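First subunit A sits with subunit B, and in the next complex the same chain sits with subunit C.
Then we have the complex of A and B:
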């Protein structure tokens, strides 16, 4: 009996291994292709943002400008306006995309993104207070933003307790309203009401940022993104929930560390460009959908960068003579998406992973 | 103050069963009226500069114009607060949702957006023309939020309503900002209005909105018994012979009139409509015949007190009443979220 069984299985066994191997390889291949495609999309969007618009720059001209050559008019527009805006858009988009995806996956709720639960607005409130009331600048503003984001994140956690889903989102919405009031109060305290200031800290904007601020964000991301990549190795296990993750040998501290990195990413992004609405909320779910329902932080970051770049381009050129900040554009188009997600029903939107 | 422990006891008892231990109706009325008079008096006397009592009566006193200006804003605050408190109580009764508030559920944002559209794109000026626009915006927003939150098997839960309202508010405020950016002049005049303020508006503003507020209040108070029946649940209310759809439309119309007018007069003020009904219910019980009038009084008191505190808390600048309302309202909101967390 056993002999016949063995004989029957022997020729098929290698095939089964091959089938499993191929099935396991397929998502990884798909992910690699997806990331490559998104990088291409990002490069395309970047080129459009820098080269096209009211003033068209040819590619040879662009290369010459980067080489340090002075072309009257073009050099100034590219180096002082278009290029810093585009670079900042990419960096901020990556920070918000990855930070938002970390929140959504570790809390296992697509609605628990930092811009909905008030973390972005907390960072913004702290940053604008530091700038307008205390006169800080540079690193100290980023530090204030980090403190504000951490404060709100801890407060939301303390209020929500262990009820990750509903309570957390509602408590976050309440705190977001409070943070918005703080920001509005700061505006009434500044001597001269500055529209640009209001737009940056209430809606998010990449207009008129100096290279120094961009360098600061780049340095912060150069530290935070590798740390996130290291900490996120356990993400697929953390996604299963605290108990299952603990059973598989991934302790809570690993998840907590990942959350901390998410808060930091969002905070440094806000310190540079303000709370650009809904980028953190949108990037994760879009990247997931593109990746056939599997979580992916790199793709989320790339999607975020593309969203901010395209949003900034639309804001700058969609309406003639009107330079809309990117946060207005992402808010105007992101909110309908959130409403659609809610309208699709609780099975998808509110329970998130468990039902999916 | 000595009534507080009594009230808490009553509130923790079974619904309707604690009537005997609650303060009697005359006592509640006396407390409410005293609070109203006290708040109004403080609002007249306090501010960046406190005025002596005789300046209030003596029209030749050098500080009399200050009192006059404060009288205007006090009256406006009372009207707006009463409207918001009443609208909140109506919404909480209508949706049987402890988190309902015209600010949280996006009604104020809808009115704001509609008004900004009229101001910037249609060139409408003048409050009288803007008011109907605000009503339309408020009605459309209220309907949208309710419709979207109702999709799905468990219907419009407090959680879904609040999130839908927040999403709609965020999206509408983006569109509002975009429209205002195109029109700097309107933006400058909207600067303080957008935060929610009752200062420097003048008596004519109040007089324009007053008829609508009165109609809304009459509709609301007439609807108190409808809400009591609706509180039993849709099926039971229908079984008792109520036409629930018609009842809901009457109450909804009152909400739109009250919240729309309040937003047009003072800007989008959130959380007043959330806090007031809860406090009132803990004092006078769940009967809407009592909750609605007391919510009116308490809303007026809250807005006037918040405005007065905002004037003196951080001199020399003023903290707008919208910001003060959030400072009071957010802790209450979070406490409610914690308490009702399981039911969500």
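Then we have the complex of A and C:
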């Protein structure tokens, strides 16, 4: 013992600090590079979405249009179709990406994402009911969506109790099915509806949303995202389990605040574009894989934005003469991933330990 | 000798007073009084389900008392801000979760959380963090693992890393719930040596729950034996580890002899099929 003591007392401190500094810097640098790369990818996808397609807009023309100049044909297409779709795609992508990653990380289960456990569909059911049955619009629709999302989240938690894992996922899938039937019921009660509208509230779409709705979402995110950034500072500690987190001075209320912000992010996204299928579910795990397995909310948000932009572009132009809503495309890509996660088995996918 | 307690009076910073703890509708710890001697190593022992882990969780403010209180410097620990408590009192739970993709230096750095302000890291804090993490890694002999993934480490290495995280927290008091579980005997001794050195060098007050009575007797300054949520014996290992107490607490027929290495009491269990040789006991048992 005295031998080891002497060795440990040797004045290696400056070296040791340098070793620690280097070891701690590596993942931080990687994360910074990842976020920068994703921002570039997002800018690229945004440019493709706005400038290319059936009608090509040159960059100088695009700048002139933004400057308020009227170019016959082009101004209308950019300002009323392409640009709002692209901006909305980015905003809902970020909202779903961050919201989904919050769920998956706090519940320690990639299957516990809001679009699988019924939270997104709960928001959608409440929003469509408010619009179609009560004739609401604007902020009140967002409020209804928030109420629906919160209601489902609390119900899932009441059913699953303090257990995460399978019980939570099964309860959520059951509630998701119930919410889906609520949405379908609402459509039987209204006189005027079309396929696009039904698809929006069932699988999500960024098509045909007015600037006012986009502005509403932007304002909501301007409040929610900084709040999330603040609350998520305790996430690296919460990840160590409830007891270890409590020992480090992070109580359950902090985790619950973060979950609440996740529910709100998803709800405001749904109010604007419907429950775009599987974006919340896919973004977190993809961002995590790109970040060498480590949790990252910013990268999850950026991945979500890229997915929705690219998905919308594919939906708009992949099949000639058919404008598919983005949710159909993301659903088609998300389903195989869900199957793969399930096939990987309980060890990885379902090691959640407690419910929200 | 001991920087935190130079006079050796062992006054308590952490104590339980009339503490009752429980889950759902059962009381697990009942009206318990305990003064944790300051600057000493206290070990809580007892049979399975005697409430020792519950007591530790209660002392670490993870459980709200049904009645009574846990006092830190005379104040009810539940009324103190939890982050403030975390700067004085550290906890290593029995089964902490290792997040995916986390490196040793990163995990140990998370122990610094209680020292961060409400808006995160400032330059000065980061330097202090790095200093504290480096010290913790050196103390636990894990510096060379700093950039390794925690989930790639062996059980013994991983446990040392978790201890390092608790050390980086820089608390005067450290509570550990069975820190030697899942470790082989060599790693158990290594772990307890490490904690003993920590107590000797930093004067850290240590409270831990241990399963192994003989290792408890060797490493404890103060031993607490629990039965059905109550303290049945408390004091130095020599006072507590007697054949009678061991029989009461564990329901185990036993002999207590002198540990030839540390000269602390050593419990030798008497099994049902072991004939007891005459010199060890005047009564020959043939159960």
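Keep this in mind: the second predicted complex is superposed on the first by the 337 of 356 C-alpha atoms of A that agree within 3 Å, B and C clash if a C-alpha of one lies under 4 Å from a C-alpha of the other, contacts with A are read in each partner's own complex, and residues count from 1 in each chain.
The rule we apply is simple: a residue touches a chain if its C-beta (ideal position, glycine included) is under 8 Å from a C-beta of that chain, and two chains touch if they have at least 3 such contacts.
For clarity, every value in this text was computed on a predicted model and none was experimentally measured.
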Fit or clash between subunit C and subunit B when superposed on subunit A:
fit
Considering only touches as defined above, state whether A:177 meets subunit B (first), subunit C (second), both or neither.
first
Let me test your reading of the model: by the given contact rule, A:17 touches which partner, first (subunit B), second (subunit C), both or neither?
second
Have a look and say if subunit B or subunit C is in touch with more residues of subunit A.
B
Which partner does A:250 reach: the first (subunit B), the second (subunit C), both, or neither?
second
Could you look at A:313 and tell me whether it touches subunit B, subunit C, both or neither (first, second, both, neither)?
neither
Please work out whether A:167 is in contact with subunit B alone, subunit C alone, both, or neither, and reply first, second, both or neither.
first
Quick check: superposed on A, how many Å separate the nearest Cα atoms of subunit B and subunit C?
18
What residues of subunit C sit close enough to touch subunit A in their complex?
57, 60-62, 82-87, 89-106, 109-111, 113-114, 116, 119-120, 130-131, 133-135, 137-139, 141, 143, 146-147, 166, 169, 175, 193, 197, 201
So in the complex, which bits of subunit A are touching subunit C?
1, 4-5, 8, 12-13, 16-17, 19-24, 26-27, 108, 230, 233-234, 236-237, 239-241, 243-244, 246-251, 288, 291-295, 353
Okay, in this complex, where on subunit A does subunit B touch?
111, 116, 159, 161, 163, 166-167, 169-171, 173-178, 180-181, 184-185, 188-189, 193, 195, 199, 202-203, 277-278, 319, 322, 324-325, 327-332, 334-336, 338-339, 342-347, 350
Contact set on subunit B toward subunit A in their complex
99, 104, 148-149, 151-154, 159-160, 162-164, 166-168, 170-175, 177-178, 181-182, 184, 187, 191-192, 195, 270-271, 317-320, 322-323, 326-327, 330, 333-334, 337-338, 341, 344
